[in-house]
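Note that subunit A is present in both complexes that follow, paired respectively with subunit B and with subunit C.
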Partner chain A sequence: MAIRRGRGVAAINYPTGMNLGGDPTQALVHSTPTGNFMVTLSSVDLGQGMKQIMAQICAETIGVPTDRVVVDTADTDTGPHCMGTFASRGTHRAGNAVIQAAREARQVMLEVAAEELEVNASDLETDGQGNILVKGAPQKSMSIFDVALSAHFKRGRSISGRGMFLIPRSYPEKETGAMKPSTCYAHACTVAEVEVDDETGEVTVLTVKNVFEIGRALNPKMVEQQLVGGSWMGISHALYETTEPYYPNRDHGGTDFNQYLMPGLGDLAETEIIVLERPSADGPFGAKGPGEMCANPQIPAIANAVFDAVGVRIDALPITPERILRALKAQAAG
Partner chain B sequence: MAKVPVQFTLNGSEKAEFVESGTTLLHALRDKIGDTSPKGGCHQGTCGACSVIIDGELRLSCLTLAETCNGADIKTTAGLAEGGMLHPLQRAFLDAFATQCGFCTPGMIMAAKVLLDRMPNPSREDVVEALSGNVCRCTGYEPIIQAVLTAARANSQNAA
Partner chain C sequence: MELRKSYFADVRKDGLNEIGQPRPRLDSPGHVTGKTAYFADRNFPGMLHLKMVRSPHHHARIRSIDTSEAEKHPGVVRVLTAKDVPHNVYTILILIQIGPEDETVLADGKVRWKGEAVVAVLAETERAAQEAAAKVKVDYEVLPAVFDMEEALKPGAPIVNEYHGQNYYLYDSGECRKVRFGDVEAGFAQADHILEQSYQSSPIEHAPTETTGCVVAPEGNDRFTCYTNTQAMFFTLDNASIILQMPGSKLHFVGGTVGGGFGGKVDVIVEPIAILAAKLTGRPVCFIYSREEEMQVSSPRAAEKVVIKDGVMKDGRIVARKVTGYTDAGAYSRHSPYGAQKGAAHYPGPYTIPNVWIDTYCVYTNRTPSSAMRGFGVTIGDFALEVQMDKLARLIGMDPLEFHFINAYRDGDMKAHRQPTEGAALIECMQEASRAANWPVAEKYMAISSYGKGE
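On to the complex of A and B.
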């Protein structure tokens, strides 16, 4: 009987969004009377940072500082349609819709400025600081604040735009069954090191080293936060979480979250995160969805590390001490 | 059921309420007084989201009866900021991206405050021990540990 050490590796592809009859998200963007911009969505910010990312995307597209954008989310009574926050789809789907809506609003904004400055709208550019300039003659300029006042009080224009991003439904080919159920794959690879006590069946994760390829990281610190938390959650899925801990009979299952195990502060593995940025062709500014993907590669990596350590394949989750001991017993019985 | 009077100090100001006997402090704070910074997670003392400081001790407000708090000095995360300036722990949690959905954050900060009040320069192990009664679903804990250690360093630099 001994503590045995093992190392496992796993790599995954992970889709962004899904396709059960089409995957749409809509966005509306409009200027306030003083030239701030409002993004209206039905998408939900669960804490993952949807509001921050949508503000960045809208600001970048219109050409204003991010703090000039307010994002209103999650009122499905009054907001434009969104399929929801799941399947790592928020940044990709809502982001594309916001870009489309912001472009339309930007075009109206430039048309109003063009009338005021007596130039063509195509000769105008934004400086990212809240001003519209004539290309090549930046001394001729106008603040977006003044453009908004002009639009609303003088020109009778609404500086606004509509955005709609739809991944259409994909039907399987009759002959082959081939279809495109999802789009825009993110990728990840994890190497996990574990110790397995072959007397008690307990697994201790020593290290997890993760590489995530997530398209462009629109907000690198928030991406890192998501990936660090996700890596921990992957360990939790692999070794702890189940609604029926250890017992085959449902009557012995947990009745509330007190019996729903997760690793705590004392159970942390040494964790390393590396981000690779390979901008996606159809993502907003090249982004993919890192949300759920980041909690997946640890699971097969740990299963492989357990196999490397004690030579048994556990093909059910979580990898509990009981499952390991049963497998070791079966292995010994040969 | 007859209501009972309770009177205590919350974040420096006097509070008086009539509550039904058996009302938890968590319920009294959130639904009677309107301080929603303590969160109701499990309501049975295992998740730490409802943590508050009573007379200098870390307590679970979901397991504390309001009527036992007469005369007590109670502190919650809502009372930490002073004059519009965030408490060093709040600042450190923000800077370290140590909060995501935010539900566990007030309890984490209360537990960390009791630790730093007693032990201004804790080790990583001290932080892990002090916060081990608080669960978090989003962050993977590491950013929280780093935030508490950063706040401790900021405090000791200010004191020096």
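On to the complex of A and C.
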């Protein structure tokens, strides 16, 4: 009887979005009288930080700092349609809609500034700090604060824009299954290292080294929160979780966090996250959807590491001590 | 976390003002100080509490329902049964023309899973609602139940859901979604080794911090405001409009700040019945799942079974892959027909294989209806595919990581569902993992790239 060590690898990809009905999301952007910008959506922030990312996307597109943008979501009386936050689609779909809306608003903003500065709108650029400058002559400039005031009280222009993401609906071909179910794909490769106690069947995940390719890390700190959380969820899925622990008997399913097992703080594996960015052709600033895929590769990596450690395959989830011990017993029986 | 900027630097524009910057989240001070308002922070004078009477049986006919004792219970204001729901039989994907309607808001004549909603009780307090719910008498005739997908697909199995008529979802392609690419039998004939293995999984819980729920307030102008933690505002509003036979203009949904979803809040379950209750009583109503309901009543991730048969050459090339996937929808469709279809497009994984055959089934059993969950249609498939990859590598005596490189897809490769690969980055992820984990592979694998095979 001994503690045995093993490691396993898994590599995966993951589709962004669900192409049922074209996967639409809309956004509206408008300026307040003093040049702050409102993004109006019906998209849902599940806690992952949708509002923050939409603010950064709008700010980058308009050319103002992020704290000049307010995101109003989700109210069906004001926000235009969004399919919802799922299928790793939120940042990608709503982000594209916000960019389109913000571009339209930016164009009006530049036109108003052009009238004030008596130049062509195409000769103007933003400095990202809240000012509009004449290209090549930055001393000739105007603050967005003043441009918005002019639009509201003098020029009679609405600095606003409408944006929409929609792709043609894909109907799978009946016989061949030809279909376009999603747009871009995120990628990952995980190496997990485990210890397995061959007397108790208990698995300790020592390390998970995750490499994720996510298109573009729009906000690296938020990417980190999502990827670390997802990696934990993958470990939990691999080793702990089931709502039916005695299936096919349906009794004694967990009804609270004492009974429904998940790894606690003391069970956390040493977690390493490395991010690669290959911008997608159709994502906002190249972003893909990493929200779901980050919880997937740990599961098979751990299963493979368990095999590497003790030489038995557990092909049913979760990989419980009971299943490992039964497999070891069967193996010993030859 | 580390960003490895050296990869793909030639196709990426860095140095933007706001994008790529680790700005602090504007909402986090509210979250960490407990000041962020969630739907359950809404409290209205005279608000009623809704509790469900749920089926104790996996499959049963309802002979009769007697609510008289419950109605007399102190504090009870109204008791709702199936006949009170204007359009009681629904399915959520009907909005994008995926039917048939197959689920009841409140059970009508039959229950198909343990935990199914049968009667809704509205009372002045949560306790009164709970106590009154216990006084509802439902006379059941227990029917045989089926909990296993393969059993459910056998001739003579109990029919779980009469709206389908058979225990699987009928796609336009037949009993399963199909992908056919190349000639899989010719591939097997050519292979040095064949390996067929099966994998399975259990349902799991989303375990959000905030349980599913909503608070509905009548606005006095024939409109109803629903404060909700749904993941999809208009999806829920439009389905509620169908179920309640009420114009969408009468409904106002407010949400968007949610304490975790993971796919568990894309079913339309609590809102329609709570709006109906507010309409029939003229009072605000709250319907919030207990932790027990969240864990045992709300949809889990589907149990899945995946059978993979591969043909592999001694040199490491996979020449044929046949996958049969089964998704256990439980008693009702919800999002599972889509999940199974998503699986069909995901197999055979991020590998370039010339001969592929995929069948994915969405199967009905008397288990808790499953639905969306982080990665559904893909997560369990990836578990099966990647364990299978490890087995194949060992079968031919090859390092598992090197075996992945041989088969990894690259730009321009045609996928089985006939989309050309674009923007691939699997190879680079594996190269970086090789370095990070100190798992060396042959230099030739470190030299290739996802950009294509012209190396």
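Just so we're on the same page, the second predicted complex is superposed on the first by the 321 of 334 C-alpha atoms of A that agree within 3 Å, B and C clash if a C-alpha of one lies under 4 Å from a C-alpha of the other, contacts with A are read in each partner's own complex, and residues count from 1 in each chain.
Definition applied: a contact is a pair of C-beta atoms (placed from the backbone, for glycine too) under 8 Å apart; a residue touches a chain by one contact, two chains touch by 3 or more.
Bear in mind the structure is a predicted one, so any value in this text is a computation, not a measurement.
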Partner chain(s) touched by A:G266 [first = subunit B, second = subunit C, both, neither]: first
First, second, both or neither for A:M233, with subunit B first and subunit C second: both
Partner chain in contact with A:A94 - subunit B first, subunit C second, else both or neither: neither
Subunit B versus subunit C as contact partner of A:T66, first or second or both or neither: second
Which of subunit B and subunit C A:A217 touches, first, second, both or neither: second
Subunit B versus subunit C as contact partner of A:L46, first or second or both or neither: both
Touched partner set for A:G291, first subunit B, second subunit C, both or neither: second
Touching partner for A:K180 - first (subunit B), second (subunit C), both, neither: second
Partner chain(s) touched by A:A105 [first = subunit B, second = subunit C, both, neither]: neither
Comparing the two partners subunit B and subunit C, which touches a greater set of residues in subunit A: C
Shared subunit A contacts, counted only where both subunit B and subunit C touch the same residue: 46-47, 221-222, 224, 228, 230, 233, 256-257, 262
Subunit A-touching residues of subunit B, taken from the complex the two chains share: 42, 44, 46-47, 97, 99-102, 128-129, 131-132, 134-135, 137-145
Residues of subunit A touching subunit C in the complex: 7-15, 18, 20-21, 41-47, 49, 51-52, 55-57, 59-60, 63, 65-67, 73-77, 79, 81-87, 128, 172-182, 184-185, 187-191, 209, 211-213, 215-224, 227-228, 230, 233, 237, 241-244, 247-248, 250, 253-257, 260, 262, 272-281, 285-286, 288, 291-293, 295-297, 299-301, 303-304, 307, 313, 315-318
In the complex with subunit A, residue positions of subunit C that touch it: 1-5, 7-8, 11-13, 16-27, 31, 58, 93, 95-96, 98, 114, 147-148, 172-174, 177-181, 197-205, 207, 209, 230-235, 237, 251-263, 265-266, 291-292, 295-296, 300, 303, 338, 341-342, 344-346, 349-350, 358, 367-368, 372, 374-375, 378-380, 382-387, 389-391, 400-401, 404, 408-409, 416-419, 422-426, 428-430, 432-433, 436-437, 439, 450
Of all residues in subunit A, those that touch subunit B in their complex: 46-48, 221-222, 224-226, 228-233, 256-258, 262, 264-266, 268, 271
